[in-house]
Every structure is written in C-alpha cells, then in structure tokens.
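What follows is chain A paired twice: with chain B in the first complex and chain C in the second.
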Partner chain A sequence: MDDATKRLLQRLVRRIPTQILRTTLDKWGRLTAAQKQSIDFTQPKWALTERLLAVCEENEWTVKHITELEMIYVIDNPNQGMWYAFQLLDPEDDACSVELTQFKEQFKSHLSELVRPVSVKIKKHTDEAVWIRIAWGDSFSRPNHLKPTYVVHHLQTPYVFVTSLTSKQKPLLSQALVLSTRYQAIKDANLSGRKLTAIRDLLMRQYQQVFPTNYPSPLAERNQTVSNPLIEKEQAQPAANRLQMACEAFGDGVLPQLQSAVYKLETKFRDYTNKTMTEREEPFRCHVKFASTNLLESLRHCASSGIASTPVTPLLSSIPLKGRNYFVITDNGPGPSSQTHQP
Partner chain B sequence: MGAFFPLFSPGVLSHLSRLEVEARSRKSRPQQRSRVKELKAKVEALRLQRDRLKAEIETHKSLQKLRVSMDKQSAHEEEEEEEDEEEMDEDSENSQLLRLMARHTQLKDLLHAHHIIGGYNVIKTRQGKGVCVSLATAYDGVFLDTYNLEIDVKPTLRISRHNVPPFIPLNSLVEQSNMQTDIRSFLDTLSQHLNAFAGRKQQLKLVKELHKAVEVMESNVLCSILVMMFTVPGEKTAVLCTLDYTDHTRCLPTRVHFESEDKELPDSPEWKKNCSLLMETPVHKALIIMKKMGNIV
Partner chain C sequence: MTSDARSEKKRETETGPEGIDRIEIRLDLFTNVNWTRMSLLKPFSRLPGLNTASILLVENEEQFQQSLADALVEETAVTVNVRLAKSLPLPMKNEEGRPRIDLVVFIINLTSELSFQSAEASLKYLDPGYFLGKVCFMVTNARNASVPTERLDTVRKLAASLHCPLLFAEDQTPDGVANATERLLTILKVAAGLVPMATALYLSNLTRCTVPPDIDQPSFD
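Entry: the complex of A and B
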C-alpha cells in the first residue's frame, strides 16, 4: 500500500468524527463482516486509524477506494467548509435536455483536455444532485487528493455550488462546466455560506415562501404567547401586518441558514455637519457585515418585532429575493447587475 | 337649668328634618329627568338602527332578485325580462347602483368559484402598484403545489418575485407569449407547464410508492426523463425502460424505449403492446396493468 493511500486514509479518519465514521464505513460496504466486527469504535482515534490502516493493507485498497469513502462522507455531511454559488448564463437550445450520462462524459472529457492529469469522480445523489470530486494535477505532479474540489450541480437548473477551489483552478472548472452543460457563460452568484443545503435551498427556492393572498393564510393561525392582554389587543393588527410583511420578505417556517451578509458601500458621505468628509471627491468606502448563526431568521424577527421598519427595505429583502449575500452599493442607482438597486 | 325637648315638637328639629326630606327629593327628581332623556335618546338611536337594517334587508332582497335575473341571463342568454326592468326604473339612479352592486357580487362569486376549481387567483398588492397571481396545480383530482407570481404593473408588466422552480423556463415563456400584451396567454402557458410538471412529479412519486419491485434508475428535477428497471417474472430477465417526456406541457411520454439482455423481448407482441400502453397511460397506472398481465414482477 503506497504512501499516498496511507496518508489519505489517515487524514480522512482524523477528519471524520467517530460516530459518523461508523455509519460511513457501513454505507461504503467495503469491509467484510469479520473486519467490521473487529473494529472497536470506542478506541481513541489514533488506535482506530491504526486498525483501519491494517484493514486497508489487508484489502489492498488504493487511492481510488479511499476517495470513494471520502465522497460518501462529504455527500452525507455537506455542511462544512465554505461553499460558493455560481450561476450559468444564456442556455443554448439543448441545455434543458442535457441528461446525466451525456453531462458526465462531456465534463470529464472537457476537463481532462484543459488539465492533465486530473482525477474526476462523478456521482448522482438521490436528490437529483450531481456531485463531482476533482483532484488537480499538473505537468509536474500527480493529482493532489489531499486538496480536492467538490462541485454540486442540479441538471436543468443554472446553479453550481463549489467548495475548495483556488483562483487558478476557477477558470478551468468554469470552462468545463459551461461546455458540458450547454450554457454560454458562468458568473459568481455572490452567495456563500458554510451550509450547502442552506444556499442551495435559498437559490432553488426550497423553503416556504409567502405571497399576498385573499384567502386566510396559515400565518393567522399562529399561537402567540400572550404577555399582557391589553397590549396584545392594541397591537394585534399591527403585529399581524408586520408578521405578514416579514414573512413575505423572508419566508415562513424554517429558513435556509446563512451565516453572513456583506454590503460594500461606495457612496458619497452624507453628513452636512462634517465638511471634511462630505467635501471629498472619492466615494466613502465602507464594509458592513451582518453575522448570525441564522441570519435570515434574525432579520425576519427584526421585521416582525418592529426593530426593522416594515415594509422591509429592499437592501435586506434582496438577500432571499435575489439569492445573494454580497452586495456592492453605489450612488449611481440602477447599474450593473451586481448592485442591489436594480430590482 | 336643663333644656327639655319633647319628641314630635313642631320646633327646629322637625323643620330641619322636613328640609332634609325636601332636599333629598330634589336630588332624585333631576336624576330622573336626565335618565328619561337618556332613554329617549336610546330609543331614537335604536329606531334609526332598525330603519337602517330594514333598508339593508330591502336592498338585499332587491339585489337577490337582480342576481337571479342576471344569473339567468348569463346562463341562458335570454332577452331581459321587461317586467323586472320596469319595476326598477322607478328610481333609475338607485337601480343603476343596485345593478352595479349585483354585478359586483356576481363577479366575486365567480372569482371564488374559479379559486375553488383551481383556477388563478389575482389580487391587488401595494395599493394597486402590483398584482399577485396564484396558480394552483392538480393531477388526477388531487391538489398539488401552488405557485405564485408577484407582478409590477407600472411602467410595464414585470415579474418581481415568484416561487416557480428554476427548471421551468419562466423567462422564455414571458417572451414567447408576449406577457405585456397578452397576459392571459402567458398565464395559460405557464399553467400548462406547471400542471404538466406537477403531474409528472406525482406519477413518479406514485411509481415509487406503489411499485416497490420496480427500480427507478434515473430521473431528473424536471421529471422529463424516467428510467426504470423491470424484472420479468419466471426467467427473472431484466428490462430497462426509458421514458422521455420531451414535451414539457404534457404528462405523457413522447418516447418509450425498452432494452433487455433478451434481445428478442422488446420486439415481442406483448412488449410492443406495453410500449403503446406506456405512451397512452400514466406510468403508475400502466405498471399496474403490466403487473396484472404478468409481464412484470
């Protein structure tokens, strides 16, 4: 068993928490029943690693097998690392009929034309997501399996989610994706987060959106805790209106968990009591970051409790509406699509 | 030495007590007067309310009559009944107003009925600056998801928010059906796409639920392709069945293809029949028939 395989397995076992390791190994299915029995999961990690290395030697596993295991782990535990969303633009006529086998072949062949050597593994998950694992090599070295890039794409949608991609690798990946999905271009969707499921749900609108309706909405049936019945009565209608507007802006129920939103301001400084600042030619550059364990939930609560005024300002409601959490705001109003002024 | 005041003397005490009684009665008399005023005012108010309610009942009765004749008119497209018209003409302004009110209730009922049968709902939003259209989807008598579009009305029609999934080509539908001039045709086409998608999705769900012996090998988010693995009872031959739904406005496939280790199988008369069955019947129902016929496990 070569060094590379050994190192990869060591790294992987170190990374995976013990309980999850057990289920992942079971799912992988490459251990015999006897081997499974022989592994004591209550041991400390280093002992487990030794045992698994021994089993690896027994079964003559190669890098290929270990990367399989790694992929299973990442697919089942996607909410780690930093994921970035990209959007494919301008579909060709046959973009909507690209099917899995075609995509797999095309992607592998295009990428290997651009980068050699490269190790590509493609797997279709039960929820229609196509997972791609890429280990990059170059003319001097073999594919580096210790720093793979993971890509997730749902066919027939323009969205691609990527983690662990360097700036050098980005144009190569973009090219391969554009050609194999039959689109004309790809751009940064300005959405990032630690949870793949959250940014995916946000872009694919897989959460409970609320729209204005004539017919009684489920929001009305909420049981709210009554603190002071007199205040409650006075505030019932305004509170219901705020809740409706907050939910229309952000959604109802459980919201995708974003961790941050960043606004980059490049606007003129406006405070007439401060002449030095207002007289400057260049715009005032400012970076505003909202951070939270569940940003959309917090913002919705701000709006429904009255901390943020309603109707919700487009600056905040653009996060779910446009599916992005990075905005550049300038004075010029409607401009390039990266600015939030353009609805 | 000591004063001695006999009881019931016609002196100061009795005078004082007489004054006291008088004062008391004086207090109660003004109270009574204001109480009477109160009650009189209440009677007036109640009378007014009664008259108002009576007038409402009358209007309602006339509205009912008008509605009946209006509904009859639109159902049978008869000539207007002259007698009813004449009665109403007594007070023409009143009758016009009544007619408008009746028409309003008629339209409201129509919209409600439309909503119940799963047609579009449209409501005004943001003080008339926008509308929100709700499109319901249904398949085989079961209501499925509802999709919404929030549309800005000025300066041109523009979709500002929606929950249509990204694999439905909303933008190209907007352009193709020319939403600006013919929103009805745009909504009809969109509804077709959404209902067909909902139907295909529902069929896939039912295949997975009802036919555990059939393995779904491939499907996609748009449910425009379905690849299943059948097992033929007896020899346990595997048959790979591909259904292509290239027409996204339909719930039935445009192409059915069989592949099997047994090369003769796809050309056999039984399986040729299965091919046309799958082209014409929703897949979950077709599989039930194929099971009954003993073609699949």
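Entry: the complex of A and C
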C-alpha cells in the first residue's frame, strides 16, 4: 500500500469524529463482518487509525477506495467548510432535457480535456443532487487527493454549489460545467455560507413562505400565549402587523441558517455637517457586515420587535428575495456586484 | 397647547409628620408637545371597580412584563387587571374597554439605550395627575457589567425629578419575578385606594427616588 493511500486514510480518519466514523464505515460496506467486529471504537483516535491502516493493508485498498469513503462522509455531513453558489445562465434548447448519464459523460470528458490528469468521481444522491468530487493534477504531478473540490448540482435547475475551489481551478470548472449542462454561461450567485443545506434551501425557496393577505388571522391565533382574561395587551394589533410584515419579508418557521451578509458601499459621502468629506470626488468605500449564528432569524426578530422599521427595507429583504448575501451598493441603487466573491 | 401646559404648573402644600411643605411637579417635559387632550392617559376619568386594581406595564422589549403579568394576576385578595404596552400613547380604540389605571410602571432595561429613550418619550403621554404617586420606574440588569454608569444616573435623576419611586428588579429567575411582583402589589394596592389611611401621594413621598448630592462626581471603581 503506497504512501499516498496511507496519508489520505490517516487524514480522513483524523477528520471524522468517532461516532460518525462507525456509521460511515458501515455505509461504505467494504469491511468484512469479522473486521468490523475487531475494530474497537472506544479506543483513542490514534489507535483506531493504526487498526484501520492494518485493515487497509489486508484488503489492499487503493486511493480510489478511500476517496469513496471520503465522499460518503462529505455527502452525509455537508455542512462544513465554505460553500459558494453559482448560477448557470442562458440555457440552450436542450438544457432541460439533460439527464444523469449524459451529464456524467460530458462533464468527465470536458474536464479531462481541459485538465490532465484529473480524478473525477460523480455520484447521485437520493434527493436528486449530483455530487462531484474533483482531485486536480497538472503536467508535473498526480491528482492531489488531499485538497479535493466538491461540486453539487441539481439537474434541471441552474444552481451549482462549490467548496474548496482555487481561483486557478475556477475557469476550468466553469467551462466544464457550462458545456456539460448545455447552458451558455455561469456566474457567481453572490451567496456563500457554511451550511450547504441552508444556501440550497434559500436559493430554491425550500422554507415556509408567507404571502401578503388581507386576513392574517391564522398568524395572530398562533401567537396567542396570553390566556388569562385579566391580562390584556394594549398594542396587540400593531405587534401582529409587525410580525406579519417580518414574516412576509423573511419567511415563517425555521429559516435557512446563513452566517453573514456583506454590503459593500461605494456611494458618495452625504453628511452636510462635514464639508471636507462631502466635497470629495471619489465615492466613500465602506464595508458593512452582519454576522450571526442564524442571520435570517435575527433579522426577522429585529423587524417583528420593532428594532428595524417595518415595512422591511429592501436592503434587508433582498437577502431572501434574491437569494444573495453579498451586495455592492452604488449611487444608482443596489446593482450587480462589480467584483465576484472570492472562493 | 404649550401655554396651557405651562399654566398648569401646580404647587400643592401638604404638611405631614415628615414636614414636607412644598411639592413642585416638573411640567417642562410637557412643553413643545403638540397633541390633543384625548391621547393623554388620565388617572380619574372613570369609576374604579369593586376590590379591583389595574396596573399598566410599559416596556420596550415586551419580555419582563409578560412574566410579571402572570405573577400579578395570581393575587387573591384583590382582582388585579394587567395591561401591557410597548410604549405610550395607547391606541384610542381600546379606550372604552380599559379600566381606570391605578399605577403605571415603566420597565427600563439598563443594557439598552433604546429602552430608556422609549420610556422617556412615553412620559409625555401621561396626564400630570399620574405623577402624584401613580407612576413608578422599574429597572432591570443594574448589576450587569456592560451597563455604563451614566445610564443609571440618568434614570435616577429622571425618577427623582418626577418624584417617583425607583425599583430594581431581577428578571431572569422566578424568585426575582416573585420579589418584583410583591413590591409592585404593595404600591398598587395603595395607589388603588385599597389600603386605609394611606394614599398614593403619601406613599410616594416616603419611597421616591432621591439623588445623592455628589452624583455628578466621578466614582471610585
């Protein structure tokens, strides 16, 4: 068993927490029953690693097998690392009829034409997502399996999610994706986050939406915690209105967990008490970042409790509406970003 | 409107055992406000209920007031009506169904500047008659290290200038809530006229907030 395989397995076992390691190995299914019995998961990590290396030697696993294991782990635990969303533009006529086998063949062949050598693994997950693992090599070296790029694409949607991609690899990946999905271009969707499930749910609107209505009573009934007739809220109606507007802007129930929203301001400085700054020709550059463990939840709470004025300003409501969390604001209004978000 | 307000500057004389001879109400808070008389909350605009006391809790965050309300209604000797509001003025359409409010409590969270500003802005919407012992300030998070000392001093000065009591409460534990409820009930019963030989004005003289003369001196920390 060569060094590369050994190192890859060591890295992988170190990365995976012990509990999850057990379920992942079971799912993988390449261990015999006897081997499974012989592994004691209560040992410290280093002992586990030694044992697994020994099993690896026994079964003569290659890098190919270890990457399978890694892929199973990443697919089951996608909410790690930084994921970036991309959007495909201008579909050709047959873009909606691209199906799995065709996409797989096309993607592999296009990518190998652009980069040689490259190791590509494609797997279709149960929820219609196609997972692609790419290990990049160049004319001097073999594919580097220690720094793979993961790509998730939902067929028949224009969305692609990518993690661990360098700026050199980006144009190559973009080219391969565009050609294999039968679109004409790909652009940065300006949405990034630690949780793949969150940014996917946000873009594809898979959370509970609230629509404007003249009769919002279902919401008011749900919020009636006061049952005692002696207690009465004087301003229940304005509170219900604020809650309704906040939910219309951000959604109801559990919201996708975004970690941050960044606004890049390139507007002229406007404060009439400060002459020197206002007289400058160049726009005032300012970077505003909102960070939270669950940003959309915090913003919704700000609106419903009255801290942020309602109706919710379009600057905040465009986060879920447009599915982005990176905005560049110029004097002509919020526009497409002039710089793409660096992966 | 403003001239009316200024002409209402009252001076009442009352002699009691403690020998107070003058009470002056600060009405400069009511100048420069353009409102109709109707949006003021008035203390004696309707008849009281039998063995009933009504309290209005005003809090910007709308958190502590809920747990206080749940504890206040458990009082058995008196029927306590609790009204909750985020700020004043109160909506006009509730005016018919609203009982006579005996005590208005402003709950200020010291960790939030907005909380204090909202309470201060709400003061304008109370009829001056309330400040004769029917208003009380309740402050939370006074022990929190992140609270700037100036804020507590400002609240103290405000309460002292209005001759109102200032209560400190702990809102995170059930014991703290029970404690605050007990103190509020004591003042509420007097303000509702349910305690013989004691009036709200009398009680407020005993319990009102005072500022130490050296409040503007830097403190030793």
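Quick note on the criterion: the second predicted complex is superposed on the first by the 318 of 343 C-alpha atoms of A that agree within 3 Å, B and C clash if a C-alpha of one lies under 4 Å from a C-alpha of the other, contacts with A are read in each partner's own complex, and residues count from 1 in each chain.
By our rule, a residue touches a chain if its C-beta (ideal position, glycine included) is under 8 Å from a C-beta of that chain, and two chains touch if they have at least 3 such contacts.
Please read all numbers here as calculations on a predicted model, not as lab measurements.
Novice: So, does A:214 touch the first partner chain B, the second partner chain C, both, or neither?
Specialist: First partner only, chain B.
Novice: Identify the partner contact of A:306: answer first if only chain B is touched, second if only chain C is, both if each is, neither if none is.
Specialist: Second partner only.
Novice: If we overlay the two complexes on their shared chain A, which of chain B and chain C does A:231 touch? Say first, second, both or neither.
Specialist: second
Novice: One more residue to check, A:205. First (chain B), second (chain C), both or neither?
Specialist: first
Novice: For A:105 in the superposed arrangement: first (chain B), second (chain C), both or neither?
Specialist: Neither chain B nor chain C is touched by A:105.
Novice: Is A:154 touching anything from chain B or chain C once the two structures are fitted on A? First, second, both or neither.
Specialist: Only chain B is touched by A:154; chain C is not.
Novice: In the superposed arrangement, which partner chain does A:97 touch: chain B (first), chain C (second), both, or neither?
Specialist: A:97: touches chain B, not chain C.
Novice: Please tell me which partner, chain B or chain C, touches more residues of chain A.
Specialist: Of chain B and chain C, the partner in contact with more residues of chain A is B.
Novice: With both complexes superposed on chain A, which partner does A:50 reach: first (chain B), second (chain C), both or neither?
Specialist: Neither chain B nor chain C is touched by A:50.
Novice: Which residues, counting only chain A, touch chain B once they are in their complex?
Specialist: Residues of chain A touching chain B: 96-97, 99-100, 124, 128, 154-159, 203-205, 209, 211-215, 321, 343.
Novice: Would you tell me which residues of chain A are touching chain C in their complex?
Specialist: 225-226, 228, 230-235, 237-239, 305-307
Novice: Going by the contact rule set out above, which residues of chain C touch chain A in the complex?
Specialist: 56, 61-62, 66, 69-70, 73, 79-87, 90-91, 94, 98, 114
Novice: Within their complex, state which residues of chain B touch chain A.
Specialist: Those in contact with chain A are residues 115, 121, 123, 125, 132, 134, 148, 150, 160-161, 163, 165-167, 169, 218-222, 224-225, 246.
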